[in-house]
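Quick notes on the structure that follows.
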C-alpha cells in the first residue's frame, strides 16, 4: 500500500487531514455543531444550493476583487472569522493565521478565547487584528479587554450576541468535556496519545497553552481548565440591547455584531449604532417576516460567517444590502501559500457579471 | 481496541445502547413501527424540519419553563408517554421511570400493559401516575381498571383510540411473535441468550414479569403469554364515539384522548367532553381539511406524543391552540440523573422569544 | 453464526429470499426495469408517498372488502397481474399462483408467455384465469389464442398495449440475453449452478419448461430459445387503435387494456369499447393535461398494476373514477398460506373511513 | 472467484470499465468537473428528471430519427461533442471515435487539444469532422487553425466561449497536475504503472502523443507538457462579443457557440450571426429571466452538450426552439458496434408522440 501522496484541494480535504492530525476532542470542537447538528447541515446545504449566473464573453482580463470591509481596504470581500482555541489546533495558531491573512490581504479576527494574546498576533502579522468579544458578567473585565485591544491597534470589534448560554454540543458531552473524574480524563488521554505529531508540534512546542487575552483577568490560572472555569462563570444570559448601547459608548472603533439571524434584530442593530452585523447562517428571513427588508437594507453592510465555507461565496445584494462573506479557516500553517490560488479562480467573470442580479 | 468510554448524549446514542443491551425482540417492540415504518420515519422528519426563530439579546437569566398539564403543575410542558412492557426493558422499569419523572417535575403515564401495578408505581414516585387504557370488550374490566386507578390516586386518564386492531408490525412477524412452535421459540431464545446482562438484571431480578394492572382480570395467568392472549382477545374494533360518551360518564377525572390525527376527530373529542387530545404524529391537517382550524383551536389543550422525540420540542400555538409535547423515554435507570441536564438547555431564550410566533 | 431463522414479513423480505434462491438472470427478469430503472423507482416512490387519512372511533368490527372486478365478485379489489415465465421462477408457477389467488378470492391473470398452458391453470384453481395477450403479427395466431382462452372458460382478456417494442432492459443485456456464443452461455451456466435448489425443484421437476400457450403456434419448438425467437419475431410495432377495434370484435368477454398512462389514451380506450384500463404506474396526469379528467372518469373502472407493490394499496377515487389495484406477486408456493394474513390487516378501518375522500 | 463476464450496458457500466483501464489522472480528466462538482451533479439530475410522455397504440413500425444538424443530414439529432486528449484515453482515440460516429451517421467534433490531427481524423472517417476551437491570444494562430480546418474539409466550427480561464478542477490539483517536482511525478508514475494494459495499448502503440493540430504552432514541442504550457499561455480572458464578430468574418462555414447558458447570451449569439449554440447544461433560465423566451426561440437551432449523457435524450421544443442534443462519449473502440443498438430503442414511439408537447 502506497502512502497517500495526493494534494489537498478542498475544505473537505483539509478537514480530513485535520481529523487525522488533531486529537478527536479538538477536531470536534472545530467541526461540531449544537444538538443534532441540523442547523450546521442546513447551513452547508444552503450555501451549496447557491447558483451563480453564468454570462460569457465578458472581458475578465482585469478582475478586481478589492473591497472595503469596516473601513479597511481588502484584497477580497472576506475576513477570517474568530476561532476559539486555534492555538490548540496548530502551534501558535492565531499568529500563523493572522500572518497568512495579512499576506492574502484580508482581515483576521482574534477570538477572546484565543491562545495567542493580541500583542503577539499584531506583531506576527505586522497589522492589528479585528477582536472578538463576548459580554462578560464583570463589566470591568470587558472594559479592560477593550482597552487592551485598542492599545494593540485594533479598531474593529466583533461582538458576539448569540451565545447567552453555551450550546448543547453533543460531541463535547460524548468526550466528557462537561464531566469530571477519571473517565473523561481517560477518554482525552487516549485521544491525545493517538496523535504524537500534535503532541510534539503543538502541546510541547506551542506553549504557553492558555487564553492569552485573559491572563490579566485570571491571574492565578495556570492551565486551560482554570481559564475555562472563569469563562463559564462569566457567561451573562441577561444581556439585552441596553448593554449593546453601553458597549457602543465604550468603543470608539467600528462595531460589528456577530450572530444576528432575524431581520428585526438586524434593524435593532442599526438603531443601536452598530456598523455591521454578521450571521452564522444564511440570512433567510423566517416565514413570518415580511419578504423584502429592502427599505432598511441600504444602511449597514452585513457579513455572513460560515465556518469552513468555501471561499467562493461572492457578494450578493439580497436581502441585507450588499453583503460580504467571512470564512473561518482553522489554523493551518500552509494557508498562506494557498490563499491566492484558492481565491483567485473564485471570481472568474468579474464583479459585473458573476453575481445574482 | 479500547472499550468505548464515550458518554451517551442524544436519544440516538441511548437508542444504540438499548440495541446492545436488550434482546432484539424487546428492542424492536420499542423501536419499531407498523408496516414499512414510513409513518414513523415521516414523524421523525417532521420534527426534524421544525425550525426555531432565533432572536438575540433577550434577557434569559430567568427562564421559566413551568406549565400546567391537565390541571397539574409541571416543571416543563412535557409528560412521559405510556410505554407498554417497560418493565421488560429495565428492572421494574415503570417504577424507575415514574421516579425519574417525578424528580424532573413532569407527569408519568402508566400503560395498561405495564409490568408494574399502579400501586407500585405510585409508591415509587410518591405521586400517582397518569393512567393509560384501551377499550376492552369486557366493560366490567374497564370499570374495574378505572376504579383501581382512581383508588391509587390517579386523576388523569389517557385513553387510546387509534388501536381498534393491532398494527401489522413487521419486525414482530419476523421474530415469530405471531407464530407458534419450535422456530419462534428458538429465535427468541437465541436473542435472550445473547444478552446475559439483561437476563441477570431484568429477567431474574425484575420479577414478577406479568401485566401488573391485569392480575385481577386474568387471575389464572402465570406468564406473559397468557396475559397477551387475554389482551388480544379483548381488542374491541367496534368502539365508537358513543363508547367514549359512556367512558366520560365513568371517569370523574381528566380525560385525554390519545391517537387523534384528524381535525374532525379533534372536534368530536371536544364535543364528547374530553379535556385534551394527543396524536402520535405531527398534527398536520390532511389536504382535504380546511387550512385553519383556529375557531375551534382555543378550547382544549392538545398534546403530541412522539416516541423518543428529543425533549427540545417546545410549545407552538398552531394549529390546535397552545400545545405541549409529550415524549416517551424508554425505561432507563439513569434517566433521573440526566433529566435536568437534558432539559435545561432546551429553553435558552425563554418562552417570550424562543418559539414561533 | 446461526442460520437466519426470521420469518419474511414484507415484499422486500420475499424479494431478498427470491434473490437468494433464483438464478440471477431469472431474478432480474422479475426485479428489473427498463433503461436506468428510473420509472420503476418513481413508481415505488409514488406508492410510498401515498398517505391514508386516519379517522378513529369508527366501528370496524365488520369490514367488508369485497368488490366486483370486471363483473367478477372478489374478496378484495385486487387481481394478480400477469408475470411472464412464472413457471421458471417456481415449479409450475402459474398453477401454484392461480391456486393461491383462488383461495384468497382474487382473480389470477395468466401471461401469454407463461409456462403452464391455460388448461392446466384453470384445472389447478378450479376456476378459469384472466388471460393476457400481446398483439402478434400473425392475426390468425391471435384468434387461435383467443379461442383457446374462451374454450378454457376465460371471460376476461387483459390486452397489453405498451409494448410495441421490447424495452431496453439493461440487466438482460449485462447477462448476455441478447447475445449469442460461448460467453453468454457461460454467464448463465454459472448463475444456474449457483442455485442447486432451483435446479432440483424447478429445472428438473417443473418440466416441461416451454411456453404452454404457444405450443400450437410454434409446433417444432423444443426449448425456450425457440419460443423466444418466435415471440420476438411476432412483436408488432404497427398496432394502432384500429387493431383494438378489430380485437373488440373478436372477443365477446370483458376487455381490459393494460399499459394506459395518458388521459387521452384512456378516453380512446372508452371510445373503442374497452371495459377498463390499467397502468403500470401511478396514474399521474402529465403537466400538460387538464387537471381534472372527471367528466370522463365516471365511465370505466380502471386498474393499476404495480409489480410487487404492497397489497395495502386501497381504492381511491381520483383521478379515474373508483379504481382498484392489481399487484403482481412473483410465483411462490407459500403465497396461499400467507395471502389472508397479508391482506386482512390492510383494511383496518373499513371502506367508509380508511380511504381518501 | 469467477472473473466478471457481464456485458456493459449503460454509460455508467462503461464509466466503471474506463476507471479500471485508464490511469487515474486521465480518467479524472474525463470524469471530473470543476470545484465541488455540484454543477456536474445538477446536470445529471436535471437530465434524470426528464419524463417522456408515453402515448400508446401509435404506429411505430417506421420510426425516422433523421435530422439535419448545421446543414448536415444525420441519422440522429445527436453529435459527438469534443473531448480533449481523447487520444490519451484510447489508441488514436479521435480517429476511432470519428470512424464510429461516421458509421452511426452522426457528426464527430474534434477538439483543438485532440491528439490526432484533423487530417488523420478526416481520413479515418472518410468525412471531415466538425472542429472545436478556443480563442487564443495569438490571432494569427487562430487564423492558421481555421485555414487548416477548412483545408481538411471541415465546414462547421464549434467555438467554445465559456472558458476564459481554466476551471478549478480539484481532482487535477489532487493529482498534482498544477504542481511541479518529484511528488506529482511520483503520483502520476504510480497511476500509470497500475495500468499496464494502457501502457501497452496507448502509451506505446498510440504514438505520437502530442497535440496533433498544434504542431505547426508549437514547432519545438516534443512532449505534452510543452504543448500544455503553450495552451495555458494562450488562454485569453479578454475575449468579448467583438472578437466573435471578428471570428464570424474569418469563418465562412457554420459557426456554433459552445457554452451559452443564459438567454441574453443566446440572443447575443443570434445577433452576432452564429448559426447555433450549445450549452453544457440543461438550458434552464435563471430565476431572474423572463419565463418564456419564445419570441426569440424560433430563430437558431440550439444544441445541448452533456459529457456522458445517455443517448436517449430526445428532441424537446422548449425553451429554445426545437433543440437537439449532443453527447460526448469518451473514445472507445467498441462504440461503433453498439451505436445502433444503443440508439435504436430511444425513439420507440416516433417523433410524433414520444416527446413533450
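Read from first to last, the chains carry the letters A, B, C and D; within each, the first residue is number 1.
Basically, contacts are C-beta pairs under 8 Å (C-beta built on N, C-alpha and C of every residue); 3 or more make two chains touch, one makes a residue touch a chain.
This one's a predicted model, so the numbers in the text were calculated from it and none came from an experiment.
Peer 1: With centres defined as the mean of C-alpha atoms, identify the chain lying farthest from chain B.
Peer 2: Centroid comparison gives D as the farthest chain from chain B.
Peer 1: Tell me the rotation angle, 0 to 180 degrees, that brings the C-alpha atoms of chain C onto chain D, to the nearest 5.
Peer 2: 90
Peer 1: Could you state the distance in Å from the CA-based centre of chain A to that of chain D?
Peer 2: Computed from C-alpha means, the inter-chain centre distance equals 43 Å.
Peer 1: Report the inter-centroid distance (CA atoms only) between chain A and chain C in whole Å.
Peer 2: Between these chains, centre-to-centre, one finds 60 Å.
Peer 1: Where in chain D do residues touch two or more other chains at once?
Peer 2: none
Peer 1: Classify the inter-chain contact topology: is it line, ring, star, complete, or other?
Peer 2: ring
Peer 1: Any two chains that touch count here, so list every such pair.
Peer 2: After working through each pair, the chains in contact turn out to be A-B, A-D, B-C, C-D.
Peer 1: Which chain C residues qualify as touching chain D in the complex?
Peer 2: 35-36, 38, 161-162, 164-165, 167-168, 170-171, 173-176, 179, 183, 186-187, 190, 236-241, 243-244, 259-262, 264-265, 268, 286, 288
Peer 1: Note which residues of chain A are touching chain D in the complex, please.
Peer 2: Touch list, chain A to chain D: 2, 5-10, 13, 48, 51, 53-61, 310, 312, 345, 348-349, 356-357.
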